[in-house]
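In the two assemblies presented below, subunit A is common to both, partnered first by subunit B and then by subunit C.
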Partner chain A sequence: MRRAYKYAVLVAMIVSTLALALAVSAGGLGYALPFPAVRNLAYWYLRTTYNPFMPKFTASAPEAVTAIVWDYRGLDTLFETSVFFLAIIASMALMRGIEVKAPKSINLSKYGMSAIVKTVTKITVAIILAASASIALHGQLTPGGGFQGGATAAVAPLVIIVIFSLYFAVSSGIKKKSMLTLRTLGLLGIGVTSFAVIVAGLILGKAAYVFQNQPKEAAPIGFPSHILGVPMGGTLLFFNIFEFLAVAAGFTIVFLLLSVPEESVRKVLEGGEGHD
Partner chain B sequence: MISPETLVFGVLAALGLISMVATFMAVMERDLLKAVLFSAVQSTAYAFMFYILMAPDILLVYVPVAVGLYPAVILFLIKKTERFEGGEEE
Partner chain C sequence: MIDVNAFLFSVLVFSLIMNLGISLYGIFWRPSLVKKIIALTILGDTANVLAIVVGYRAWIAPNRPPIPPVLTTWKPTATDLSKFSSLAVDPLPQALVLTAVVIGLAVTVFLVFLTIQVYRLHGTTDVRKIAKLKG
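And then the complex of A and B:
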């Protein structure tokens, strides 16, 4: 009875999805193109994102998405980043007192999966790290950016924890403290980059804005737009690098905390508030 | 003869249907391990849809988060709690 009901619901959902799709493609909600005014906005972004002939308006990055995320609406991204970090801080506060460490003098080769899996994983981890670095460092030229690269890089410690065991990860340097340092470094870098131009403006006696990238009409200083002849998007490169560090380290902290064996977590939680 | 546009939209529709069925199965499944796998199937279908809709930036963040990190977090939590959803077995 229950099973028949389940399949009836599924078939009804499929039929209604198909009906809705048919109605939309037949023009039921109006045709797909957005209003002309919205298209002008898109045209403006695409025209100015990399345009050496309009130096007062360009973000000097061929990748429009990264330019929008870190330049045109950089402040929104800053607050998105802070939401992510508050979530990491909250999870660390929730799991305070839980120590992520390997017991002294253990045989690491006894833990984890078989030698075949470990060998394959060693190669895969190298590939993951190289791919993530290229996603983050090319973020101002090709699709990708700091968050994308950082999320990809965070898969590497996760795979190491699952395949080689938590103790291997901790003894090879993926520690809570070092990840926290990396994360703080990334945050600090984002802060420094967003205030760099305004500090330079104060020193040089010129007007500048927080989060300024390229020189503007009333604020004539900015980040260098090209490095060695390659468009680097000014601040975008630095934001991508620091966001990469911060996101990868933040995710790794969460995985380290989640992979601590349940018995030792229970011991800490039952120990009450007085525990270190 | 089917035009290329129709083919692309047909693939998109098929992926949409796969993702919907996978979501339904994930919600109805009582074995949470299987539910995570269904959810990963849904994520994979979405990843292809983002690619077809020409959103590579979203794709690059969606693949590691939805296929790698999110199932991993859920699997850690299932390992720490219970594999089967509450109530008696049918």
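And then the complex of A and C:
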């Protein structure tokens, strides 16, 4: 009976999907999906993202997505970064008191997988880091940016933890404290970059905005748009680099904390929770 | 007359909406916290795909597909720019989704930590048992 009910729900969902699709494609709403044109807002973004004929409006990045993320809707991304920051901080607060460290006098070669896997991993980690740096640093030219590059780079420590063991990762410098420092540096860099133009404006005595990238009509200063003939996107390059650091280091902290052995965590939890 | 491409595109849109329904069922009715987290990731990913689909545009002509919103020339002429803006898909949903993916991952990681700690302290991930815990 229960089984028949489940199948009935499944069939009803499939049939209603097909029926609704048929109704829309036959003109039930007055138009067919997808629309042949983008909205006016998207048209404006595409028109101005890299436009040498409109120097007061352009973000000077050939990649429209990165231009939107860090220029047109930069404040939005700043708050998303702070959500990311809070999520990582909350995870660390839940795991407070639990130390990520290797026992003294430990034979690291005894841990982890076989020599073949370790050798392949050494090569792969180098490739992962190179690819992620390329994704992050070319963010204003090709698809990619700080978020994507950082998430890709965080795979490297995860692979090292799985293949070589947590103790190897900790003893080779992937520590919670150093990653926290890197992450703070990244977030500090984002803050400094977003206030750089307004500070320069105060020094030079000109008007400027927070989060300003290129010179605007009422605020005639901004970051350089080209370096050696290559479009740099002004602030976009710096935002991408710093976001790359923050995201990669943030996820590395989480992976380190998630892979702490269960016994040592339980010891801390039982020691902390006195039953008296 | 029904256009086959429009029909298939509508099937995609409505199956994504059905997927949202299935993931909401998982979030509300499944008692295990782990299954709730899995359903939440399905919800987030479906919403992201739906946003990308909203930004898609139809083919202008049979041999003129839409292009990614990336300008491939560094010294564009006025024709290049108007061709680019008449063919490229909407970049705004892509920009929103790329941050949403990373934030979603961070929030999922936080929920995983929460569930692990609940399991370590109370030995269960069933919300019906967790609700009855005292102290």
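Just so we're on the same page, the second predicted complex is superposed on the first by the 234 of 276 C-alpha atoms of A that agree within 3 Å, B and C clash if a C-alpha of one lies under 4 Å from a C-alpha of the other, contacts with A are read in each partner's own complex, and residues count from 1 in each chain.
By our rule, a residue touches a chain if its C-beta (ideal position, glycine included) is under 8 Å from a C-beta of that chain, and two chains touch if they have at least 3 such contacts.
This is a predicted model, so every value here is computed, not measured.
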| item | value |
| --- | --- |
| Subunit B versus subunit C as contact partner of A:204, first or second or both or neither | neither |
| Partner chain(s) touched by A:158 [first = subunit B, second = subunit C, both, neither] | first |
| Touched partner set for A:24, first subunit B, second subunit C, both or neither | second |
| Which partner reaches more residues of subunit A (counting touched residues only), subunit B or subunit C | C |
| Which superposed partner A:192 touches (first subunit B, second subunit C, both, neither) | neither |
| Subunit B versus subunit C as contact partner of A:15, first or second or both or neither | neither |
| Subunit B versus subunit C as contact partner of A:258, first or second or both or neither | both |
| A:65 touches, of subunit B and subunit C: first, second, both or neither? | both |
| Which of subunit B and subunit C A:51 touches, first, second, both or neither | second |
| Contacts of A:148 with subunit B and subunit C, given as first, second, both or neither | both |
| Doubly contacted residues of subunit A, that is, touched by subunit B and again by subunit C | 13, 17-18, 21, 25, 65-66, 143, 145, 147-148, 151, 251, 254, 258, 265 |
| Subunit A contact footprint on subunit B (complex, rising order) | 9, 13, 16-17, 20-21, 24, 28, 56-57, 59-61, 63-65, 68-69, 72-73, 76-77, 79-80, 90 |
| Subunit C residues touching subunit A - in the complex, by the definition given at the top | 2-3, 6-7, 9-11, 13-15, 18, 21-22, 53, 55-58, 60, 68-76, 78, 81, 84-85, 88-92, 94-95, 98-103, 105-107, 109-110, 112-114, 116-117, 120-121 |
| Subunit B contact footprint on subunit A (complex, rising order) | 2, 6, 9-10, 13-14, 17-18, 21, 25, 65-66, 135, 143-145, 147-148, 151-152, 154-155, 158, 162, 251, 254-255, 258-259, 262, 265 |
| Complex contact set, residues of subunit A against subunit C | 13, 16-18, 20-22, 24-26, 32-39, 41-43, 45-47, 49-53, 62-69, 73, 76-77, 80, 83-84, 87-88, 90-91, 94-95, 142-143, 145, 147-148, 150-151, 229-231, 247, 250-251, 254, 257-258, 265-266, 269, 273 |
